[in-house]
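Across the two complexes that follow, chain A remains constant while its partner is chain B and subsequently chain C.
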Partner chain A sequence: MDIQYLIDTFWLSLKGIPVTLIITFSALILGTPIALWFAHIKIQQIKFANKIVNGYVTLIRSTPMILQILIVYSLLPSVLNRMFKNLSIPFDIFKVNPIIYAILVFTLTAIASLTEIYRSAILAVQPGQKEAALASGFSERQANWRIVYPQALRIALPNLCNLVIFLVKGTSLVFIMTIKDITAIAKVAASFGYNYIESYLDVLLIYLIICSVIQFSFYIIEVLLDHPLHKSKKYSQWRLAHD
Partner chain B sequence: MIKIKNIQKSFHEQTIVKGVDLTINKGDVVVIIGPSGSGKTTFLRCLNYLEQADCGQIELDQDHYNLEQMSKTDILSLRQKTAFVFQNYNLFKNKTALENITEGLVIARKVPKEQAKVIALSALKKVGLLEKADAYPHELSGGQQQRVGIARAIAVDAQVILFDEPTSALDPELVGEVLAIIQDLAKEGKTMVIVTHEIQFAREVASQVLFFDQGEIVEQGKPEEVLLNPKHNRTKQFLSRIRFAS
Partner chain C sequence: MISLHIDKIPSLLGQIIPFIPVTLFVVFISSVLGSLLGGAIARLLFSQKKLSRRFAQTYIYLLRCTPPIVLLFIVYYGLPKLFLNLFEIDLNVLDKLIFVVISFTLLFAASAAETFRSAYLAIDAGQTEAGLASGLTALQTFWRIIFPQALRVALPNYCNSLVNLMKEGTLAYTIGLVDLMGQANLILGRNYGNYAIETYLSVAIVYWLFVLIIELSFNMLERHLAFERLPKKAKEGVHGYPVLD
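Let's look at the complex of A and B:
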């Protein structure tokens, strides 16, 4: 075991962390509005649209991510290239940063998972909460955004944490798209002197750290939501100001 | 004055409410009693459109609502003129007691925030929970939650407050505090419709008692008449079964 190599490669591979985080969080942020819309369609059981959403969720959930990556990365550029040529649009698709394709694949996956996470969380909020909001004169939209969704978010947190960790680990596959993520950097470094064991140990350590930080962050968010720091003060402060 | 005409509601081809008419004068306290499944709660929920009636009309002062064809604006306007107190309180779990009351004012009725706070605090004072203003629902007892629920209903100054079995989910020793508040509201002249199983309370507070069975009003009148000298057999049976001790 080459200890010096182990340490050097560890620091080198850390440079892959931004790529991992960019792909994961872009997917979550881009996927959330669409997933909320899909969840809404499923809950309301809107004819036809409901079937499309179900089909989409099934398709994405039942195909391995590596297959989705291979299909998007090998098929999409060629198709787009032909399309641009036919329409005589002067745009070189092969110069697009492959991270865009990675974000696309991870967003597609995130939408499918988030749809189910949001749907189950919204359904888990007691129906009486929405009824009370409607009875108070709220519109459907106000009732959802002020009462139902905040409570659903709290219920969804454990599943969201699972998804984030799943996506982070999934990003180790993007090396096949020539993206230099943590795994890719460590593997390339190892290929010079066959220090694969050391490289894999480094990668293991880095994912362990990232995922531990994510788990801890979610734990903190849950604690904060369950025990808001700002409570117990609002009314008393207000009364002080007005006495 | 509130005029309710011919409210009908069925679920899966089973008729739950069979064309109920009711006139409520300002300051009236209408108490609805009746066996489980008699449609009294469904009828109450039709009155603020939580349940969509198959047909029926509501006249609230100058406003006329045809429950068969309600636009979104109609629904909002009907709900802003009524207030509802739920059996399971249904306080917003993510809001403090104070916020539970101000939400309906600020969000639905566009009352300025500071003004809403003043109204909400006076409502909390009325139900004796001023010191719990910043507490979240899970920090309150059932009776306290229901009192906040009532404060939420009185703060919006609705033309009628609808109570759906307000004490049915409470421990027996907490029922009294909630009923006492409703009694105070009756003395103040608030117009209310109350579905309840508390017969003694009905007798003390009601200006009109309705006995509901199988989706219709079987008997209707002053509490002494309906509760002490019921004319219909079904009313007599019901009252004897719940062992009404005068």
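Let's look at the complex of A and C:
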């Protein structure tokens, strides 16, 4: 075990963290509006659209992420290239930063998971809340945005935390798209002296740190958002029993 | 505009189908061993000793934060080196399959332990108390009263973990195991990188079918074990008190 190499590579690989975070959070932010829309389609069970959303969610959830990455990465550039050529747009698609494709794949995955998360969270808000809002003269949109969504967000937080961790872990695969993320940097560093174990231990350590920070921040947000009622003795006993 | 050769897919499917047993073997063995390990870890979570609880919590926490591919590489590169340095045993002669199974067993154990823990907690404490009060030993209470009920509660989450294991199992090709994905890559190499999309699509179809089968069978199992289907006696209960909640 080469301790000096371990430390050097650790600092070197830290440079991959922004890439990981950019991919994860772009996917979450880009996926949220579509996922909300899909969640509403599923809740209201709109005839034809409901089937399409269900099909999409099952399709994305039942194929491995690495396959999605490989399919998008081998399909999209050549298709776009041909499209631009046909439309005679002078734009070299092969010079585009591959991070765009990674964001696309992760957004597609995030939409599928977010749809389910938002759907269950919105359904978990007591229907009386919305009825009360509508009865006090709120429009449908106002009732959703001011009453239902804020409460649903609190309910969705634990699942969101899980999803963020899942996506962060998934970014360890984007080195296949020639993106210089944590894993890629560590791998390249290892190939000089065949120090693969040290490199992967570094990667493991970095992912551990990222995931710990994410879990801790979600915990803080949850505590901050908690209703005073939840700080009651009964609730804390329930938490104790479940943690 | 898109040169998709759909007609190639059947022959590609024919070439990867013989490698389904490898993938299924990895999933099956890892899930069985992982469930056993997960059960042991879940037991430690409820241990009286603080050290055991801490150990189990740390294990779950660590594995939850580990990307599968990184664990796979660490096991594949690290384990042989560790054994060579400590016991002077050369593990490099072992099949890659064993390293894959070890990694996915470790991964699956963490999610299985979480599943078992939540299922155990979902069973009302009154059930244990009633079991103990009627003279059963602690072990009998667990195996005859708690376990059958917890099993049903655990089914949906267990199904999820199994599907995840199946999907993560794809990564085994990165250390050179020739399973579905490994064979797909070999075919791709043989075709000089042509028909990449068709090859990956056929792998996706196979995985999609497998996930479908897993989910359908778990749904059937759930319905089979549903409360409504229990014998009338269990529903009505003894002396008017329901046996199951």
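In this section, the second predicted complex is superposed on the first by the 226 of 243 C-alpha atoms of A that agree within 3 Å, B and C clash if a C-alpha of one lies under 4 Å from a C-alpha of the other, contacts with A are read in each partner's own complex, and residues count from 1 in each chain.
Just so we're on the same page, a residue touches a chain if its C-beta (ideal position, glycine included) is under 8 Å from a C-beta of that chain, and two chains touch if they have at least 3 such contacts.
What you are looking at is a predicted structure, and each value in this text was computed from that prediction instead of being measured.
Student: Specify the partner with more touching residues on chain A, choosing between chain B and chain C.
Tutor: After superposition, C is the partner touching more of chain A.
Student: Output check: A:134 vs chain B and chain C. Expected answer is one of first, second, both, neither. What do you get?
Tutor: In the superposed model, A:134 contacts chain B only, not chain C.
Student: Is A:150 contacted by the first partner chain B, the second partner chain C, both or neither?
Tutor: Only chain B; A:150 stays clear of chain C.
Student: Check the residue A:142 against both partner chains and state whether it touches chain B (first), chain C (second), both, or neither.
Tutor: The first partner, chain B, only.
Student: Between chain B and chain C, whom does A:4 touch in the aligned arrangement: first, second, both, or neither?
Tutor: neither
Student: Pick one for A:45: touches chain B only (first), chain C only (second), both, or neither.
Tutor: neither
Student: For A:97, using the defined touch cut-off, is the partner it touches chain B, chain C, both, or neither? Pick first, second, both or neither.
Tutor: Neither: A:97 stays clear of chain B and chain C.
Student: Would you check which partner chain A:203 touches, where first means chain B only, second means chain C only, and both and neither mean what they say?
Tutor: Only chain C; A:203 stays clear of chain B.
Student: Touching residues of chain A toward chain C in the complex: what are they?
Tutor: Residues of chain A touching chain C: 59, 61-67, 70-71, 74-75, 79, 82-83, 86, 165, 169-170, 172-173, 183, 196-197, 200-201, 203-204, 207-208, 210-212, 241-242.
Student: For the complex, which residues does chain A have touching chain B?
Tutor: Residues of chain A touching chain B: 126, 128-129, 131-139, 142, 146-147, 150-151, 154, 231-236, 238.
Student: Can you tell me which positions in chain B touch chain A when the two form their complex?
Tutor: 48, 50, 72, 76, 79-80, 82-84, 86, 88, 90-96, 98, 103-104, 107-109, 117, 121, 133-134, 136, 152, 156
Student: In the complex, go through chain C and note every residue touching chain A.
Tutor: The contact residues of chain C facing chain A are 1-2, 62, 64-71, 73-74, 77-78, 81, 118, 121, 163, 166-171, 181, 196-197, 200-201, 203-204, 207-208, 211-212.
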